[in-house]
Amino acid sequence: MRFFSDNAAPAHPAVLDAMLAANAVDTAYDGDALSKRMDGVFSDLFETPVTAMWVATGTAANALALAAMVPPHGGVMCHRDAHIQNDEGGAPEFYTHGAKLMLVDGVGAKLDPAGVAAAADAIANDVHRVQPHALSITNATEYGLVYTPDEVAALGEVAKARGWGLHMDGARFGNAMAHVGCSPADMTWRAGVDVLSFGFVKNGGMSAEALVFFDRTLAADTLRRRKRAGHLLSKGRFAAAQILALVEQDRWLDTARAANAGAAALGAAAGARALHAVQANELFLRATPDEAAALRAQGFDFYDWAAGEVRMVVSWSQPADEIAALAAAIAAL
Amino acid sequence: MRFFSDNAAPAHPAVLDAMLAANAVDTAYDGDALSKRMDGVFSDLFETPVTAMWVATGTAANALALAAMVPPHGGVMCHRDAHIQNDEGGAPEFYTHGAKLMLVDGVGAKLDPAGVAAAADAIANDVHRVQPHALSITNATEYGLVYTPDEVAALGEVAKARGWGLHMDGARFGNAMAHVGCSPADMTWRAGVDVLSFGFVKNGGMSAEALVFFDRTLAADTLRRRKRAGHLLSKGRFAAAQILALVEQDRWLDTARAANAGAAALGAAAGARALHAVQANELFLRATPDEAAALRAQGFDFYDWAAGEVRMVVSWSQPADEIAALAAAIAAL
Amino acid sequence: MRFFSDNAAPAHPAVLDAMLAANAVDTAYDGDALSKRMDGVFSDLFETPVTAMWVATGTAANALALAAMVPPHGGVMCHRDAHIQNDEGGAPEFYTHGAKLMLVDGVGAKLDPAGVAAAADAIANDVHRVQPHALSITNATEYGLVYTPDEVAALGEVAKARGWGLHMDGARFGNAMAHVGCSPADMTWRAGVDVLSFGFVKNGGMSAEALVFFDRTLAADTLRRRKRAGHLLSKGRFAAAQILALVEQDRWLDTARAANAGAAALGAAAGARALHAVQANELFLRATPDEAAALRAQGFDFYDWAAGEVRMVVSWSQPADEIAALAAAIAAL
Amino acid sequence: MRFFSDNAAPAHPAVLDAMLAANAVDTAYDGDALSKRMDGVFSDLFETPVTAMWVATGTAANALALAAMVPPHGGVMCHRDAHIQNDEGGAPEFYTHGAKLMLVDGVGAKLDPAGVAAAADAIANDVHRVQPHALSITNATEYGLVYTPDEVAALGEVAKARGWGLHMDGARFGNAMAHVGCSPADMTWRAGVDVLSFGFVKNGGMSAEALVFFDRTLAADTLRRRKRAGHLLSKGRFAAAQILALVEQDRWLDTARAANAGAAALGAAAGARALHAVQANELFLRATPDEAAALRAQGFDFYDWAAGEVRMVVSWSQPADEIAALAAAIAAL
């Protein structure tokens, strides 16, 4: 029973069907009929004209987004525990040609406007100091917390007041949206987001994320950077097919809701053992090594996050009986 | 009737079947059972221990291979018409952090040892001049010509004598092998090749190429570079599945043979109009604009290569009747 | 008797005097009184508002200029024999983060508008091909030829029509100006030049070149790139002092005229043996190995340029008797 | 009365004399007689064979040192307040092509072995996490504290045990050595240092630092990187002359002792107001804004370091009466 991560789950049946349907020859790269639908579909979803492009991984999406906003001599403000800092093998530095990640603290891996502003104010504006050019936030965060649109907007104001771009790493954007229930527009561009990494791989996809540019002026160069990074797939129709299948009929929200509900059940069982509010599809559980071992002995696989802490992630396809069993086991600790 | 390129063809049915079979959850990234089989399968195929890893595109494969052999202050010798120079949007420069491509001439996009040695001899060995660290050849070449193992070995000797690495861009490696009929080992490491970009996308795959390291000391850092480039897929099993399906039962040779045979038929029809020997799956045809227009009027799609030249590529899945029809149309010019 | 190059000559006495005079403590970096005069002095010299900054080497000046105009995924059109291509150890690629140098032919290392346009026209405008973003020309060229203002303007038109920046590598700008006798403005911004590497090291300086931005919008980021490259000297006043000493009283023209005159004398002696017109301070002489050896036996040091060709460079401080002796020796060949 | 920094002080008379003496033409770049003496002079000074090269700035020295030890996908452990992190405009990231600086805390900007080891232990060794490849320490530190040879050796053990390189930023190496009084060898290679940035600019030089490689295998590529960065001066003899003049007769220790003595006098006057022990040539003084303003009103210039803290730096050439006056003014606070 795998609660290790949501990043290895099966692809949604509709995704597989769409890929099979896309097998007939079509124009290469992103010239096919499906890829050409991306801009329109996402413009509809976000109620504003956007440019949307597929990439194969969240790491590529994030790194391309940052490279679009930050020059090599610039910096990116982000949380100390952000995925872009800790889990992408230096991809942001690679794609930006050496921009500096500037780490800010915040509870539950959430940033707040005062903390970001204070960090920025401490940076003298001279050529000796790297200057921030963008703020990157993760929604839902590394700890499964969700920014509300108002919280995003408050950060967006800080960014805009200083001339920075605002990037949202939405590897679990679906989970965040399913939790808040607002419109995608309210969570993103209306709150100041310029570029969104819209994750599908953790939410029913196979190998496709959408990079959505609300600031469309950033898109043209990104198309060149995507090619230069070897991320322009020859048969892009298979990536577009995945994404379109999940956006259609709001499947991306259904899958996220399923995962969130499972995590909520685990959170309810955990009670005070939950280290963070369970808002998305992750439970961070206080557990001694013995307790963790006991759970593993019952067949549950999960991640040792830190001393005395484990992480359990519910995927969109997690069987109900697995969730019930884990909830019972947690409650029995 | 699309003869524009082989890079948008359907995926082979066995590839699709393997991907569907890989849908069950497994370890993420390259920790799954299929990805773990890569080294063994390719070691068997090449009759020597190799490290093999999947990447999504040929551009990524080539750029990672070069980055493994060439420091940022170094250079890569390649043909003036090489894909890495003209068609990858600067990916080699991106991945190598600015190494210089050093262009050499040669008939049919083939390099010869004397030409490479002369180009190298003209470079003074001081800090003012960028020094070559690798030689990159393409087999089959941009013009559909095939290096024999002896020809590769002669270039390999030049490379080894000067301490360079030798990279083979095998985007159409299957087509080259189907033409020559030798063992994969003879065409590669026995001839001095250190790293091979083994193409599958043009030969029945969907979105997976194999990067094969005969010099295994280069592999460890490449795993880090792959992650840093955003090319470590979360669900790598779907990439491995594609490759393994094509290697099993020598399907990659069957598909290549089919494509080559189609091109041979076109070449026979072209006769003296063929600008290069048709050894792989491409025909470069002498055709006036009027002739090209006439062919297009009959429903054939192809690439305008240069003034008075068009390129026709036969894919592994090209219907026999399309090939026959184009052959007849060419013969009738 | 050293005719090997002009890059190792003594510093002009006025330069040394100015440096000694600058020894008193002043604000660090470029905040001192001398550095602050740079913009004004060069604005006067060029009869238009410019931003001017010192750097220690021509390589740094050129690379910073190109980085200001060309994104990492872009290209620079230049002559096949350009210094930036052959003699800077990959500095343009380093500073631009991997932009591609796109080599064009031309007699005497001079580019002509038709040749540049033809090279550019051959580049398809898609994401697979690196696109040129700048044109870089060298005046005087590697072969000691000088572009006239009209010739520069014709190239400037090509650049502007395509949206490129125009860079002039003026490592021997003084020699070019001394030959043409026009105003600095006519040779540069009036002819479309956006950034000039204005060389002083070869023309009486010790370790300072001026990077002059006619397109002042490019200067702010360059100040950051200069720091990031470790080229913001702590005691910038010593660099500014060198440059100001040479600009004052048009010393830079006097030194260049002296060098040019010496080369002209050698050229006159060489007659038909001169491989290029002697317009600046260099003579390229046809000489067999035996002839070269004979000259060396008489105490003359010079550079073996190519088979049967030697290069002789006259510096601003070359003693008259050395020039006369070499001229006589050449005439006696 | 300038106590703002030591980086704008005059050059030592012996430095100026040596530069004037170096004005006669010699081989360009680092082929001159003075540059060729660098290896030998520093090998003597450090009692072991080293490779030593000049560069124009401490930023270039540090960045080249790090690039020699850390691949683009690697990281550098350093103190949170290190100059390489805060004051070099991203130079380490530029030269290393995007390596990550990994910040560690420590009192007085000094690192301790336990802190470094703990930070390293927290980094999982997988491709998702950037791995440290070097440790960089600053001696004397940003707060004017000095590592003893034993302290360096303890950090060297941590580095060596993990396969990292050890870099010492010795922008104020002279001040550190003058304080400790040990042999240069004991402070560096005997304690595990692989590369030293040996600062002269703050200690009597004009525009030259020495980059000293105890691990000589790192030097050859660095010569290429230096050229590629535009730091290979045409007339390197003027840089070498500066350095040699300061090494000869131990002038670098005399200048450092003078500066240290001045700071010690200020420290004695400051008493409990001194925020750090005064070991080198800097005093960090607790001072309210009013107190700082009062000092400035008396003609003293210094740096506002943080709220309630000012920094005063004594240069090698600081007049005795200025030091006495400031000491009196501090004592009178």
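As written, the chain order gives the labels A, B, C and D, with residue 1 at the start of each chain.
The rule we apply is simple: a residue touches a chain if its C-beta (ideal position, glycine included) is under 8 Å from a C-beta of that chain, and two chains touch if they have at least 3 such contacts.
Which protein is which chain? UniProt says A, B, C, D = Threonine aldolase.
All figures in this text were calculated on a predicted structure; none of them were measured in a lab.
Student: Among the chains, which is located farthest from chain C (Threonine aldolase) on the basis of C-alpha centroids?
Tutor: Farthest by centroid: A.
Student: Looking at A-B and B-C, which pair shares more C-beta contacts?
Tutor: A-B
Student: Taking the mean of the CA coordinates per chain, how far is chain A (Threonine aldolase) from chain B (Threonine aldolase) in Å?
Tutor: Computed from C-alpha means, the inter-chain centre distance equals 34 Å.
Student: Using mean C-alpha positions as chain centres, tell me how far chain B (Threonine aldolase) is from chain C (Threonine aldolase) in Å, no decimals.
Tutor: Taking the average C-alpha coordinate of chain B (Threonine aldolase) and of chain C (Threonine aldolase), the gap between them is 42 Å.
Student: Quick one: which residues in chain A (Threonine aldolase) touch 2 or more of the other chains?
Tutor: Residue numbers touching two or more other chains: 72-73, 88-90, 94, 97, 127-128, 224, 227-228, 232.
Student: Mind pulling up the chain D (Threonine aldolase) residues that touch chain C (Threonine aldolase) in the complex?
Tutor: My answer: residues 2, 4-5, 7-11, 16, 19-20, 23-28, 32, 55-61, 63, 88-91, 94-95, 201-202, 206-207, 224, 227-235, 238-239, 315, 317.
Student: Across the complex, what residues on chain B (Threonine aldolase) touch chain C (Threonine aldolase)?
Tutor: Checking each residue of chain B (Threonine aldolase) against chain C (Threonine aldolase) gives 72-73, 75, 86-90, 93-94, 96-101, 103, 127-130.
Student: Can you list the chain C (Threonine aldolase) residues touching chain A (Threonine aldolase) in their complex?
Tutor: For chain C (Threonine aldolase) paired with chain A (Threonine aldolase), touching residues are 71-73, 97, 127-128, 131, 221, 223-228, 232.
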